[in-house]
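Take a look at the structures listed below.
Heads up, the next two complexes both have chain A, just with different partners, chain B and then chain C.
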Partner chain A sequence: MTALQSRLDVEPGATGAGPNRPAPAAPGRRRRALRRHPRSAPYLFIAPFFVVFLPFGAGSVLLALGMAFVTWPLGQAPVFVGGDNFATVLTDPLFGKAMGNTVYMLAGFLLALMPLALFVAVLLKQLRKRSANIVQVLVFAPITMSLIAVALVFDLILNERVGFVSGVLAQFGLDPIPFLSDAGLAPWSIILLRIWRVLGYYAVILFAGLQSIPDEYYEAAALDGANAWQRFRHITFPLLKPVTLFVLVAASIAAWELFAEVDVLTDGGPARSTLTAVMYIFQASFGQFDLGKGAAASAVLAVAIIVSTLLANRLLRSDDRDR
Partner chain B sequence: MIAERLSSRVVRAVVVVLLVVVIAFPLYWLVISSLKPSTLLGEVSLIPSQLTLDNYRAALAGPIPGWMLNTIGIALCTTALGVTVASLAAFGFARYRFRGRTILFGIVLASLAIPEYALVLPQFTIMRQFGLLNTWAAVILPLAANALVLFLLRQYFAQLPEELFDAARLDGAGELRLFWTVAVPLVRPGLGAAALLLFLNAWNAYLLPLVMLTSSDQFTMPIGLAFLHSQLNFSIVEESPWGAITAGTVISTVPLIVCLLVMQRHFIGGLTAGAVKS
Partner chain C sequence: MNTRRRLAATAALVAASALTLAGCASPGTPAETPTDNSLEVWLFSSSMPAVIEDQFQAAYPDYDVEVVEIPIGDMTQRLVVALQGGEGLPDVVQLPLRESGGLLSTGQFLDLTAELGPMADDFPDGALLGTGDQINTFTMGSGNMGLWVNEAALAKHGLAVPENPTWDDIVAVAEQLKEASGGTQYMFIQPPGANGANMFNAFFNSRGGTWWDENGELAVDEDLAADTLEFLVDLHERGLVYDGVWTEPTFWDSIRSEQVVGWTMNYGVGSTNLQKNVPEQSGQWRLITWPTWEAGDEQATGVFGGSLFAGLAASDNPQGVKDFILWWLTPEGLQATVDTLGLVSYEPAAEEIDLDFEDPYFGGQTVISDLSSVPYPPFYFFNWPETEGAVTAAVDAAYAGTLTPREAIDQIVAELGSL
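Right, the complex of A and B next:
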């Protein structure tokens, strides 16, 4: 229970108020009333969901696993090949490169996002209510846009030929900066547009967490002479931890799955510097039509995501126990 | 002391303005670019020397209205189907004890740990098997089976007091009527959050429709815009589809931003309550 656990923490009703059902206080009448429903009723309620979920949720998970162990040329029957697909993928330097790029961009993304989102959340908290509301709505807007729309907007700004930045530089007689065509810069351009899209969203979630911390704690600490940093360190930071963990896990899962922006803006280039793991899977499956290889790479990436999520939870939770 | 407080206020105001500009400028630049004649695309002045609706005319004459229709249709169907099946199941899981409940709900929960992209391949092979590739259904069905939405709704249904249902049962109401007339009206905020989550997810989906929808008349907006953008490299700036791209991006972005502005609190609350897939 990992990503899930932290999802629970910020959901309504997870704050302790909702046991599954109230304790049976007046047994006689209640029991009779409960019995009155037909046995089949609960099954009929859950059936429609499972009709859709069994093939496309649970069934697809099993199928994904199975596909990793077969070779399945288009129009033919699948043939079992054991661990061959995994051997192919794990020894493919390109897959290593793709995983490395993904981790690099994920790390850069998180290192920049977390302090920024926390900063914006604290800023929102310090504003008066009405201005906080206005700023909140504005910074939230980018999350409603699709990744593609955001990528296109940033192309208008960073593009070497027609981009805003090159235009400004040209007015000063300077050369354009190759934001998307330099192997060192391109990953950071992708990180930048990603942060622009999600900063407000995560800041608003952290802001909601901040508001659930009672003001009395801060007042008491101030009376005891704690300065701003000490108040942050000893009140805000520990009490905000569950929400922070949620943001960290949600943001990193999304970053592991980076694909759309690079597909549109760089196509994995330049010099494969922005080739991501999902892009590798996509190319193996639909470029080379090697579904088995794609499925094996998918499984490796899924394991990486699940393990890193577990680790993030373990590290941050055990930190609690030490205190 | 007063000077200090004043200066910290000034600093804060400056930081807020900076934040607002950083977030708003790209949006402003998108809108401005969509209103410029394509020959002036590279012009950097903040207020363009010439404004025109030509890009929108070009966009509406091309395939964009069809893509928009596909996007709206897919998003609405996903939302309707997803909310219906998830709310029925959430009610079933929250209000009844029955054999297999723990296991079935456990399977749903466990599926949340599997990243979405990993299911696209098997979903593709299933759709190919059923001959559903290149149809709306190929995108709607996988997106509607949303375990997170079921999970979210179950929380809302579980909070309702049992006495409500007992009373209605004594009055002779059937189980489906309990669901529809007693429970559903009380969990409206949850249903709203669920609908918003499903709708946004479908509206912005990229990888799944990219894999499932193969002919350009079936594209959704994200796929279509990405397709137009991929043509850029083969054209000179003056004849490029930039005009249609900028206008199309505005057209596909504005409806949701308007929704955000109109329903501010509900919109933000709904998304932050259940949204994990950002």
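Right, the complex of A and C next:
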């Protein structure tokens, strides 16, 4: 028996036990202890996360939920008001406007992001490994940049008067485009910034998903005469669904919480066309000092996020269940 | 599930619940109670710490002053969190003037009525700030607006602003400048967003306008507001304005290249930033105190910004707070205000310190006393986040042409009336 084998308390020649394989024969009380508590190790590994998350994450969520049912004047004790804050928020035209803007920008963002990210992922798959690695780094780079710095640069690019795009248009004798000062264009400018920044991140995730699809499937399909679209439709897309669902959910949650880009580029304008739900929450909490109203708006937003996530999950998984 | 596993699951659930509830708990008493002679001051003006640590400490050596610099954009948020949590509060906080209406009305600030009430006649209307019958503080670094003009740039086209101009005179010069420069130089700026709204508010205020009265009641003269907005929209339509904001580096490129040769702004932002960002243009700029709307009118300006120091009612050192705030009305404090913020609202200041000093950047003009000599009518910052938001949205729409000036004002009034 080697030293390692004796430390593992495993007989020579034994291959070791896994969760779904029968435990190998091993002498002594240690073996019996392992048999009684084979699952304790994973919990020990995840415990540190929960030690931090529970008080600072879940605890904060519970506190915020509690604040939604009180009015809490600055420096005074909170007073229970039942559902008044929710009624105020749900009947506030400004909240409706903020949620509407958020949904509009969310939809535009996802409709543009998903096909683009998939397209980039498919392109990455066509490259040789070394080239793919280099391109991956390049497309992933924007997500590592400071969001504020990126927003400021986009401001300089899109500024109607002094922006780079306006300068190029002027060279051709064209009028500048009011990317940030037109109520119709400003939301799409925000979407453009967001897509530029996160496209590579989600494309890399989808690329990883594509790589997990065995090449044999494509070879077999090619042998059967399937064209590129058919291979995509019948092999790539179905097998990529779990990863696609993750990307859709992650991207939509981030889009629901849109704040920093809007705060830097447009401050919710022009004419509140880019006012988002999180901006409304921030203004209610720290502008109007109405933490109860802000907390109630947060709860409504959380419900909207959960519902949209469940819908996305149901949509993408319904096909699998029907088979 | 066997007993051991059930026990383990129960223990885990109890531990998880305890950890979660710990996150909801309010903080306990602080480990260290501040001593009575300590003073914690939160401020955003970066030029003030040195003045406080040197001059205020020299006047009150027994106080242990700790100055905490917080960016202006974070100040209100930090204070709100501290007030709600009941912990980590300063003794004194510097606040933007625009936050005065909302924060002072919470009743969380030290009452200085006994100290400042007898001095009410020494301040212009609206400069003493508080809520109800209580006076909490006074305006510092008053945001009296002026028109800063690059006379040298105008002179290149043979143009000049007449003495004691009206706004019609200024617009006439702006039109001539547009023609002479081929539409590349401007006498007016119109920033987007909240800055644009506050610029409109300044013009509106200069005509006696205000959204709220001293009791927080809606008190807007809608016709005056619509007429003022129409004036500004008209400037925009005639191509006389530069759409930009002074916080952008491109704005200062435009100043440097003499694309912007006129700028309506207060002392703190205008004069200070001109001298800092374009020192090479020293001697080229002049302050025009706020033009009148009609020839022969009494001169009045509008307010754009300002700040204040307010003491927290929960301070452990209320005497220290009073000493700190009132120190700024001493000759040393008034001089420190001029050195750091610019203008003072305390009218006897002219008798106690020299406000007539000549500023070489402006060709020897006595900028401080000139600006101070033109006060702004009372303007009250109640419900300011809602007001600023409503004005911003409506003014943006008016400049974009989607609302007429009258419709924009009606929209604002409708929104504010529902508060």
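Operating definition for what follows: the second predicted complex is superposed on the first by the 270 of 323 C-alpha atoms of A that agree within 3 Å, B and C clash if a C-alpha of one lies under 4 Å from a C-alpha of the other, contacts with A are read in each partner's own complex, and residues count from 1 in each chain.
Convention: contacts are C-beta pairs under 8 Å (C-beta built on N, C-alpha and C of every residue); 3 or more make two chains touch, one makes a residue touch a chain.
Small disclaimer: the values here were computed from a predicted structure and weren't measured.
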{"item": "Contacts of A:E160 with chain B and chain C, given as first, second, both or neither", "value": "second"}
{"item": "Touching partner for A:S298 - first (chain B), second (chain C), both, neither", "value": "first"}
{"item": "Touching partner for A:A271 - first (chain B), second (chain C), both, neither", "value": "second"}
{"item": "Which of chain B and chain C A:I195 touches, first, second, both or neither", "value": "neither"}
{"item": "Residue contacts on chain A - larger count, chain B or chain C", "value": "B"}
{"item": "Chain B versus chain C as contact partner of A:P73, first or second or both or neither", "value": "second"}
{"item": "Contacts of A:Q288 with chain B and chain C, given as first, second, both or neither", "value": "second"}
{"item": "Touching partner for A:F56 - first (chain B), second (chain C), both, neither", "value": "both"}
{"item": "First (chain B), second (chain C), both or neither touched by A:A183", "value": "second"}
{"item": "Partner chain in contact with A:A98 - chain B first, chain C second, else both or neither", "value": "neither"}
{"item": "Intersection of the chain A residues that touch chain B with those that touch chain C", "value": "36, 43, 50-51, 55-60, 63, 72, 155-156, 161-162, 285-286, 291"}
{"item": "In the complex with chain A, residue positions of chain B that touch it", "value": "12, 15-16, 19-20, 22-24, 26-27, 29-30, 33, 41-44, 81, 84-86, 88-89, 91-96, 98, 101, 104, 107-109, 111-119, 121-126, 141-142, 144-145, 147-148, 150-152, 155-156, 158-159, 161-162, 165-166, 169-170, 175, 179, 190, 200, 203-204, 206-207, 210-211, 221-223, 225-226, 229-230, 237, 242, 245-246, 249, 252-253, 256-257, 259-261, 264, 267-268, 271-278"}
{"item": "Chain C residues touching chain A - in the complex, by the definition given at the top", "value": "4, 12, 16, 19-24, 76-77, 80, 83-84, 86, 102-103, 106-108, 192-194, 242-244, 248, 250, 253-254, 313-314, 383, 385-386, 389, 392-394, 396-397, 400, 402"}
{"item": "Chain A residues within the chain C interface of the complex", "value": "36, 43, 50-51, 54-60, 62-63, 66, 72-75, 94, 155-156, 159-162, 180-183, 266-272, 283, 285-289, 291"}
{"item": "Complex contacts: residues of chain A adjacent to chain B", "value": "2-4, 7, 10-14, 17-22, 29-30, 33-34, 36-39, 41-46, 48-53, 55-61, 63-64, 67, 72, 120, 123, 126-127, 131, 133, 135-149, 152-157, 161-162, 164, 166-168, 170-171, 196, 198-202, 204-205, 208, 250-251, 253-254, 256-257, 259-260, 263-264, 278, 281-282, 285-286, 291, 294-295, 298-299, 301-302, 305-306, 309"}
